[in-house]
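Input: structures, listed below.
Both of the next two complexes hold subunit A, though its partner changes from subunit B to subunit C.
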Partner chain A sequence: MKVWLGLAAMLLLAMVVAACAGNQWATPADLLRAVDGDQALRSRLLLDWRLPRVVAAAFVGALLGLGGTIYQGVFRTPLAEPYLLGSAGGAALGATVALLVPLAMPQSWLLPLLAFAGAWGATMLVIGISRVAGAVDAAGLLLAGVAVAAILGALRSFLMLALSDETVSLQVVLSWVLGGVQTPTWRGVALLVLITLACLALAHTLARRLDVLGLGETMAVAFGLDVPRFVMLAVLAGSVIVAAAVAFGGLVAFVGLASPHVARWLVGPLHRPLLPASALVGAIVVVLADAIARSALPPAEIPLGLVTAVAGGPFFILLLARRLRAS
Partner chain B sequence: MSALSAENLQVARGKSTLLRQISLKFNATESVAIIGPNGAGKSTLLKALAGTIAPTEGQVRLGRRNLAELPAAERAQSIGFLPQHFEPHWDLGVAELLEIGAARSHGLAPAALEKTMAAFELGGLERRRWSTLSGGERARVLLAMVLVVDPPVLLADEPAASLDIRHRLDLLRALADRGRKRLSVVVVHDLDLAFSFYDRVVLLAKGELIADEPAARLLDDPRLDDTFGVRFERLRTGEGWHLRACR
Partner chain C sequence: MLLWTARILRAHQARWKRAVHLSMTLIALAGTSSAQPITVQDAFDRSVSLPAPPQRIIPIFASNVEIVASLGLADRIVGIESYTRYPPEVLDRPLVGGRLGFSVDAVVGLQPDLVVVTPSRQAANQLIDPMERIGVPIMVLLQRSVPEILDNIRLMGRVAGVPERGEAVAARFQGRLDEVKRKVEGQSAPSAIMITGRLGNGLMLVAREGTYTGDAMILAGARFALQGTRTLAQVSPEAILNADPDVLLWAGSDRDLKQLIAQPGWADMRAVKSRRAHAVSRVELLIPGPRTIDGIEHLAAIFHP
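The block that comes next holds the complex of A and B.
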């Protein structure tokens, strides 16, 4: 209980700090005035631009934390992450196609749909490759994931070079690829909140079976789990979650890797508490990273993905080193 | 009617046949040791009996029902399976592992969990993590996880292989004792313990059933010596038997 209150308090604090941070710093009093319905330009800007972005950052972070936990649970390794396993790359490729290729569908539908198709397709490809190669351990999966991610990245770059013109600027796509929470309308925020809650519920239904899978394949089968079928189901769910995160926040690296780790230190490895805890940790991380992205180099904005990669890269190296030393 | 039976069980992987035409019947209360030299198909037989691998031909029956057609959840509740190696991917705590094991049975009374904890002397270990447990403690936790739902059938695949002599003795004896109230089928490497503690011994070699006899009868059977390729000296000891191998 203490852990949950602590996490909630930290998230709230992070959101207040992030709402104050920016090109021009605000005080908590300014925030209160803005929320209270003050009509001054400064308050309106805070309410319509900064606050929705902070809330969106929190929920994108929650999605990344959830997605990362499911991927680590399915692949039974703490080194798994949507970004590394190519599914985020697949989602980004799908999003790029949606942004650049003129198709007869409204973009607001097309983008999440193609992002999902990309995320799911890439993950299935990684699983397929590592199965065919006979490597179902962490190293084999990661290698297959890195290869698939590289191919998808190249395809995406090619699409960007070949298809962008004056009507669709590279800038739009680049802001995706480098990761960055778009500033949504409050209606958009409401949609994101609903999607995140749905994803949380979806993840919760997988929790017990992820625990059983974590006992190893032999034990999982003996405990009545249909392993191949569950893996497919969980990958599908993970892809939905990653696609939602990418649709709202672009390609944000390493949050999906780090959040489950931190959450495991706090609440242990059982998935029922781990999934929501990981979502909270992810939310805190992305809110803070987004605040840094907005305020570190005014008036310019650093892409969020760069901030998380600079912080997350060393974290990943540390993990790898610890794991290598342990084995 | 037998509690568990195999009918013309055949298991093939690629071109090699791992089990050939095995038929066995097990009663609801007995302890059975499966023995045989390396590569005899002991583990494969146990996995097929547990329903974790599908036979190429033939079938396994749990009571009257075909195991392959049984819902997985029901199978998991009826058959406890103790694997040869168990290493959870996450560093779970003892209480958490037992909780996962107990979840196989819906509506298992919390008292059952406590009873299992007490029966396997896990009282002081509740909060310990898997990585901090000793080999003997791990064996007890694993057994408790599998038996917490009190399955009528227990299939154990040489679970004592990595234990020291005292823990191995305790474990193989506990598994044999379970045969007084339930069915307990155990792959045993230590022939002394197999013949000293178990009611019945099944001898396999190269995927075929060589002998299936009460322990006391198989003990004097020359097929035992032929199958292992040695000559055994059978020595009566205080607790049971000691088989000394000579060439």
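The block that comes next holds the complex of A and C.
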């Protein structure tokens, strides 16, 4: 219980700090005034731009934490991460099309839609390939994922070179690929909250069977688990969760890999507590990283994915080293 | 839907409040009654409405800064981005962005009543949506041709509440362009290539059809030696050697031009042999502002000496 309260308090604190952080720092009193309906330009900035982004960052982080935990559970390797099965390449391709091809739809809808479609479509392609090849196991999926990622990456690079010109620059695509939470409207935030809760519930239904699978395939079969069927089901669920994260947050490196490990150190390996804990850790990390991204190099903004990798990497290595020495 | 409507209503209310406030200040300050609301159509076909002539303008990119300054409104500029180098009197203004992108925070912190952007780098992507949501008027300018640059000057004049100044400045530039046209008309157009940059992999960026830089070359009385460079701006040095233009232009310094034509094979190019390889000014030909007219005059002197 203490762990949960601690995590929740940390998330809340992180969100308040992040809402105050920026090119120009605000005080919590400024925030209250903005929420209260103050019409000054600065209050409108806080209410309509900074707050929705902080909330969105938290939920994107939660989705990545969930996705990472499921993938690590299914593939039974601590190296699995949410973008393993081609979803990063697919999402980037979809986003590139949305950003560079003029289509008859507002970009604020098109971008998350095509990113989602790309991420999910790529994972479906990977699963399809490994089915056709008759290798629906972890190794088959991983290899198909690597191949599909290479193809999609090349397609994206070509589109970027061919379609960018003076008006749509490469930087727009590049900075999307490097990660960054799109600031949704409050309606978008509500949608994201609903999606995240649904994903949490979905993940919860997989928890027990992930534990059983963790005992090894032979044991899992002995426990009556239809392993190939469950692997497929869990991968499908994971891919939807990751695609949702990508649609709202772009590609955020490292969070999906690290959060499950940190959560495991806090609540142990059983998936029922692990999944929500990992979501909380992911949320805290992305909220803080996004605050750094917005305020570290004013007036510019650093792509979020770079911050999570550069700031999160050493932190993770430190935790890992302490852990290994202790054991 | 309801929420959305409410938000729009609220935004409008705020806008009107500000309009009233601003117009009262204006009347009090200057005794003028010119605080008419202004509405223009920008390059993205967005309707940009201002309650009164803007007094705090943030033009993003050198070209937009130069256009505002050409209308004599440099003192209304309150913020710039870090690659703005001209005119000198605005260089002390706070920065709102640079190579790494643009900050919504920094822009709003300067309390602008007009932001002008060009969809280059990430400016349009990062700023249009938030400014619309927060309620700061933001205008988008495109510059695909030289006439469009003149249109931008007129549009900026209208939106800034000095339409007659915009017309006058644009007409003056049009007069100089007409002068160039009279000079080059009827003469045979030399084939030309303008190299605007070199990439790490050895490829070259060239001025293309459908851009204001390419347009400037045509207006100055040249024709493209390389055809069909619409999609990809980068071409191999081989293609440039093959095209063998009458005139070779390098947008940059004389030293870099010497280095460029010292490459194997380049000395045999017609343009190099006949001493028609020239370095031209980047700021005149790669910033779509008033100085582009100077650039066209200089180009015309090179093409038709």
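The working rule: the second predicted complex is superposed on the first by the 242 of 327 C-alpha atoms of A that agree within 3 Å, B and C clash if a C-alpha of one lies under 4 Å from a C-alpha of the other, contacts with A are read in each partner's own complex, and residues count from 1 in each chain.
The rule is simple: contacts are C-beta pairs under 8 Å (C-beta built on N, C-alpha and C of every residue); 3 or more make two chains touch, one makes a residue touch a chain.
These numbers were taken from a predicted model, which means no experiment stands behind them.
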Partner chain(s) touched by A:Arg294 [first = subunit B, second = subunit C, both, neither]: second
First, second, both or neither for A:Val35, with subunit B first and subunit C second: neither
Subunit A residues touched by each partner, larger count belonging to subunit B or subunit C: C
Contacts of A:Leu318 with subunit B and subunit C, given as first, second, both or neither: neither
Contacts of A:Leu103 with subunit B and subunit C, given as first, second, both or neither: neither
Partner chain in contact with A:Gly216 - subunit B first, subunit C second, else both or neither: first
Partner subunit C, residues of subunit A touching it in the complex: 22-24, 39, 41-42, 44-45, 48-50, 99, 108, 161-162, 165-169, 171-172, 175, 183, 185-187, 294, 297-302
Residues of subunit A touching subunit B in the complex: 76-77, 208, 211-212, 214-216, 218-219, 221-226, 264, 268-270
Subunit B residues within the subunit A interface of the complex: 50, 52, 72-77, 79-81, 83, 86-93, 96, 99-101, 103-104
Of subunit C, residues touching subunit A in the complex: 3-4, 10, 13-14, 17, 95-106, 108-109, 111, 119-122, 125-126, 129-130, 133-136, 142, 144, 211, 231-234
